[in-house]
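Shared between the two complexes below is subunit A, which has subunit B as its partner in the first and subunit C in the second.
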Partner chain A sequence: MSSSPETHALGGPALDRRGPTARIRLRRAVGRFTPWLLLAPAAALLVWLLAYPLGDAVHLSFTNWDGFSAPKSIGLDNFTELAHDKHFKEALLHNLIIVASLPIWIAIPYFIAWGLHTKVWGWRFFRFAFFLPAVFSPVVIGVYYGMVLKPDGPLNGLLRAIGLGGLAHEWLNQPGLTLGVVIAIIIWSTFGVGVLIFLSALANLDEELVEAAHVDGASRWQIQRHVVFWQLLPVIEFWAIIIVIASFTAFFPLIYTLTQGGPGFSTYTADYDLYQEAFAGGNMGYASAIGVVLLIVIGLVAGLTVALLRWRRRLA
Partner chain B sequence: MSTDAARLAGPRFRQAGKARRIGRLGGALALWLILATIALSTLYPLFFLVATALRTTQDYRLSPAGIPHELTLDNIHLAFSEVEIGKLALNSLMVVVPAVIIVTVFACLAAYALVHFRFPLRRSALVVVVALMALPPAVVLIPIFKVVLEAGLLNNRLGLILVYSALNLPFSIFLMASFMRSVPDELLNAARIDGAGPLRTLWSVVIPLVRPGLLTLVTLNFLFMWNEFLYALVILQKETNRTIMVGIAQFQSHWEKNLGVVSAGLLLSMIPPLLIFLFFQRDLARGLTSGAVK
Partner chain C sequence: MSKRARLGCMVALLCGLLLAVSACGGGSSGGGTEGGSAEGTPAKPSEVSGHLTVWDVFYKLFPEYTKAVKPLDEAFEKKFPNVTVEHVAQGFEQYPALVQAAFTAREGPDVMMMLPSYSGVLNYTAGLEELNGKITPEMKEQLSYWYTMTPGYEEEGPHYGVPIGSTEFIFYYNKKLFKKAGLPTTFEPKTWDEVREAGEKLKAAGIQPFVGGDKEGYEDQWWWMLGWPTVNTKQQSIELGEGEIPFTSEEFAKAWGPEEMMEKAGLLQKSRFTTPFFTEGYEQFSEGKGGMILGGSTTTAYWGEFNKALGEENVGMFYSPGAEYVTAGPEFGWSIPKFAPNKAASWAYIEFMASKPAMELLYEKGGLLPNRKDVKLPADAPRQAKEVVELYENNETFDDVAHLIPNTVAAQLSKEAPEYFQGRISMEDMQKSLQEKFEKEKK
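Up next, the complex of A and B:
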């Protein structure tokens, strides 16, 4: 693709029969280091504030640290305590429930993108409107829904006004219901990005295959299932991994502003638990262990999701 | 298939074809209604917040979801005087603007090296960038907090600036690299023959060609950082320098009786994202989809 500065320097000065001058030699030496110099600022920042902390997370997870004194090594104690921690297990269970909604999380943007791709009337406007919540901070979304879902708030008001008062609920104060509400809000705020991703994938679709299937007499649904779906699978995988990561680590701002983990602990999530342990309880080492466990769980679930999607391909 | 069958088999089947067409039309209408309902739900927040911010509390109580009747600017005034939303916004800008600049410059330099130079470990560096992209920030909250603490940068804007830069750098390098790949190497070689050094080549040849990508990078990073909450909450704990999202999350409970002020605050905090959304929507979309489709 591209030639490095050295190869150019070797190939270029064929006219120069006396060999490189001192100045050219200096330039070549600098040239060899150029890419490293260009990378240095980014690399320094990444090592200092991302790579080193990642390693330190593992180290801290074996310590007892309160944020003031030096971390004390305590072996596996944090992890054995985690295994018996009722709140953490409950939080992790909620995250697993959230991940279990992955099919909905994929299907909604997928089918909406499919619908928009057929250029329904006003599709540009819809694409625009669906994307809007994605530019709002989860903090804004949390506070907004905090107002809308109040017992005497607009949603219940609307339901009563159209004669569906029986459906009015204390949305944020019913243990079984509230987690579902939180999941619905997160899906609502992110599906627009999924629609964009699937739309741009559909635009890059191999139209000839679709055409061929059509000529062979396949129905729209058959084309969708057997031709389009498999072509989009890499994109679906990408979207699925993003969601798996998000569903373990992106709930904190929403929970913080909307439910504070309640009612009771019914919307406690792992990232919220991590923050609470660290900054309300002062158990920094313990919170690090939560982070490490989370990273492992995310890796496992993401791997499993991809394996599942690929395995379906082999079956078909 | 269906049309062939209808043509061959006479009126009875043509009837079926008609029914089918009506069915399809009905399906399209149903789809459209579903899409319209969803669009209504995503646009409603804007209406609700504008309406609630501009009406009195008594008026809001009468019909929270409806059209306002008693208009007032008090809520906006209170948001500025009591919540100090202007100061919060300034605090955010003082973190976000430097961080966006750092990320953009560092990402351009790094992507330029990764795309247009050959050197040992280049592939590994790319793999590391992609791997770090998948690292969720919440997982490394404690060790990053510790680094900031030990550097004496807790409650210092510089701490958050550097953390934001680091957190968004992998994604930015990846995005910039994908844009720079479209710059032909011939152009770079030509610049080199003309005697331009690597930085000069980057500045006068590569950057002008990837300007749309640069715009994507800047708008996306601005949006991410303006909206970020967890690290802002943990690193800038003092009231004097907390960011707008932290301010909003914390003031909402004090104003439970006056949702107009809460709405006004939310609305004002949404102005930068909304402007970006209105003017740079295409750039945002390109940034968010480029990772998936490539």
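Up next, the complex of A and C:
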């Protein structure tokens, strides 16, 4: 840019001196605000779809609201009642039992992924087959197993046909057994996702470390235990958190279609209880209180799980 | 994976839960009430127009009723050419949840099917239009069971729905199998013991005495409902619903007597707790697999289907022996939610469905017994239909006790009763648990 005498008179040279600094400042300011600007639509959506309804749900948890009339503030009554609600406590216990199956939930996809990673014969087919249940709707799975596990259904029929009739059970009508059956179905329907997650993590494994361990004479099990496992630990943590959260929130459709919380209340879970209170009983305030307690419990259990895994890593 | 990325994942996953929690949140503004005008006058086709969405629980669930829906809607559209009807089938078990969600969101159909009494319409009065200003004197005079649509179970008072049909539960028996077991083919038991003895004779003859299905716990509820009027009065059923008689009372426990008696005698199927009633249970009776069944007096598990399979002459019926009154009520009611945008068309639909031609069509196509005084069964109606009408006309009737208690308590009863009959919980446990639930609901 050429400068004329006029521009000099108007302070052109001074502008020229300050020009680059201003541009840099402007660029920096734009640089600082651009991420916020780009995040704004998503943040607005989050506020609209999450923060506001969450605040509303927390507010409603301190009210008595039937969904028709205006909510009536009742302080901590819903939470006090919840503390004495035997069905809610039973439901929460069932959720915690589901969470307690976490080691199985991690171990099965972990070892299957390792097997597939070693490119066993037909690994592509198995990868597809193992993932298949994950694409089925929980409703379909619930209805399907409802038929398979009937007393005169195919599973008992098969057991009887091969001379194992003694193992035939009323799978969905024995309180001590049904929750175990539900957990097994839940694991079956979700482990394919875990396999994929572990497979992708294994693909990024530091092979040099594995080879070094191999050269040092480590056995396959030692390599697995001392090299691979620690490299996959962050992914295991991630999978564990997904499972913990899903254990409390994601299996309502399956339980609804498979057992409806029964027999009695033996497979009743907290999310099922929330649904019943809100939409069958019209106790919106109470259901909101269940939701809030559930959120806190999930936070605690997820935090505890991660802390446990990190503590294990630090120990190692 | 970095710490920040892990945190991000955790936040994203928690978001899913927040969405679930926040589903309980939402607006809470109250709906307005349309002012009660003078007594209703019939809707004029030229003055009504628009599109109607009708929620129906029985449509596509009960085959016979389903056959009647289309002809009825077509007849309505013919009479009201400016109105179109969209009939939406809703799931029976999910219906209370859908209705609750619709009221909470202030959005949904123009016309809602409602079950009678507290199990349906009276549980939602805050969200439904009061219809007194629309109900014509003729309609009021002709239809029965208005009390099931009115708080306090009175014939007079605010009506939140229009009752349609006439139904309840009744026992059916297979005359051929009775004959085979050496039992009379006109079975009119005076006591429950006589029913038990008949069952024992059937059993001795190698015939399953009772068939059905109780996976959902409905059958236990029906036994309780039919046991109730044999040991309690209709006033006591109202008192149970209003909390004056607790679930821990003798009155409640005694009503289980008949089912306990049959269970103890080994007359009920062992597999009933894993057999769904509507999809498998009642078909066993049509297939001639059992001597008796507790079924509906219309629509499903009723004479229409049994007659087709077993022959009209082979299907017998009896009501709870020694009952103080006969349980009877409408099959359902039609109601208008307060949020319905086109209330004039909604009312025109309901008014038409309660009319004489519509109720005749409903019986002709769907087998639903009419609850209009001026609709008589045709001369060639099955003997069973005539017997049910006679039973209801010649006895004091009242809605069944299960319709008078909150939905959630009835649902819990259906969960706990199978547990009781399988020996997993005691009667006292069940009673205590139901009382706790009832108190919570009433609070």
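Operating definition for what follows: the second predicted complex is superposed on the first by the 270 of 316 C-alpha atoms of A that agree within 3 Å, B and C clash if a C-alpha of one lies under 4 Å from a C-alpha of the other, contacts with A are read in each partner's own complex, and residues count from 1 in each chain.
One rule holds in what follows: contacts are C-beta pairs under 8 Å (C-beta built on N, C-alpha and C of every residue); 3 or more make two chains touch, one makes a residue touch a chain.
Remember, it's a predicted structure, so these values are computed and weren't measured experimentally.
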Touching partner for A:Leu132 - first (subunit B), second (subunit C), both, neither: first
First, second, both or neither for A:Val235, with subunit B first and subunit C second: both
Touch count on subunit A, higher of subunit B and subunit C: B
Contacts of A:Pro103 with subunit B and subunit C, given as first, second, both or neither: neither
Which superposed partner A:Leu38 touches (first subunit B, second subunit C, both, neither): first
First (subunit B), second (subunit C), both or neither touched by A:Ala287: both
Partner chain in contact with A:Leu295 - subunit B first, subunit C second, else both or neither: both
First (subunit B), second (subunit C), both or neither touched by A:Ile245: both
Subunit B versus subunit C as contact partner of A:Trp188, first or second or both or neither: first
Partner chain(s) touched by A:Val143 [first = subunit B, second = subunit C, both, neither]: first
Common interface residues of subunit A - those touching subunit B in one complex and subunit C in the other: 46, 49-50, 52-54, 56-57, 60, 67, 152, 235, 238, 241, 245, 248-249, 271, 274-275, 278-279, 284, 287-288, 291-292, 294-295, 298
Complex contacts: residues of subunit C adjacent to subunit A: 1, 6, 9-10, 13-26, 28-31, 96-98, 100-101, 103-104, 123-124, 126-127, 216, 271, 273-274, 406-408, 411, 415-416, 418-419, 422, 424-425, 433, 436, 440-441
Interfacial residue positions of subunit B with respect to subunit A in the complex: 1, 28, 31-32, 35-36, 38-39, 41-43, 45-46, 48-49, 52, 61, 63-66, 102, 105-107, 109-110, 112-119, 122, 125, 132, 134-147, 149, 162-163, 165-167, 169-170, 173, 185, 188-189, 192-193, 198, 223, 226-230, 234, 245, 248-249, 252, 259, 262-263, 266, 269-270, 273-274, 276-277, 281, 284-285, 288-289, 291-293
Of subunit A, residues touching subunit B in the complex: 1-5, 7-8, 12, 31, 34-36, 38-39, 41-43, 45-46, 48-54, 56-57, 60, 67, 112, 115-116, 120-122, 125-126, 128-133, 135-140, 142-144, 146-148, 152-155, 157-158, 161, 188, 192-193, 196-197, 200-201, 204, 217, 219, 235, 238-239, 241, 245-246, 248-250, 252-253, 256-257, 271, 274-275, 278-279, 284, 287-288, 291-292, 294-295, 298
Residues of subunit A touching subunit C in the complex: 46, 49-50, 52-57, 59-60, 65-71, 81, 86, 150-152, 170, 172-173, 175, 234-235, 237-238, 241-242, 245, 248-249, 260-265, 271, 274-276, 278-284, 287-288, 291-292, 294-295, 298-299, 302
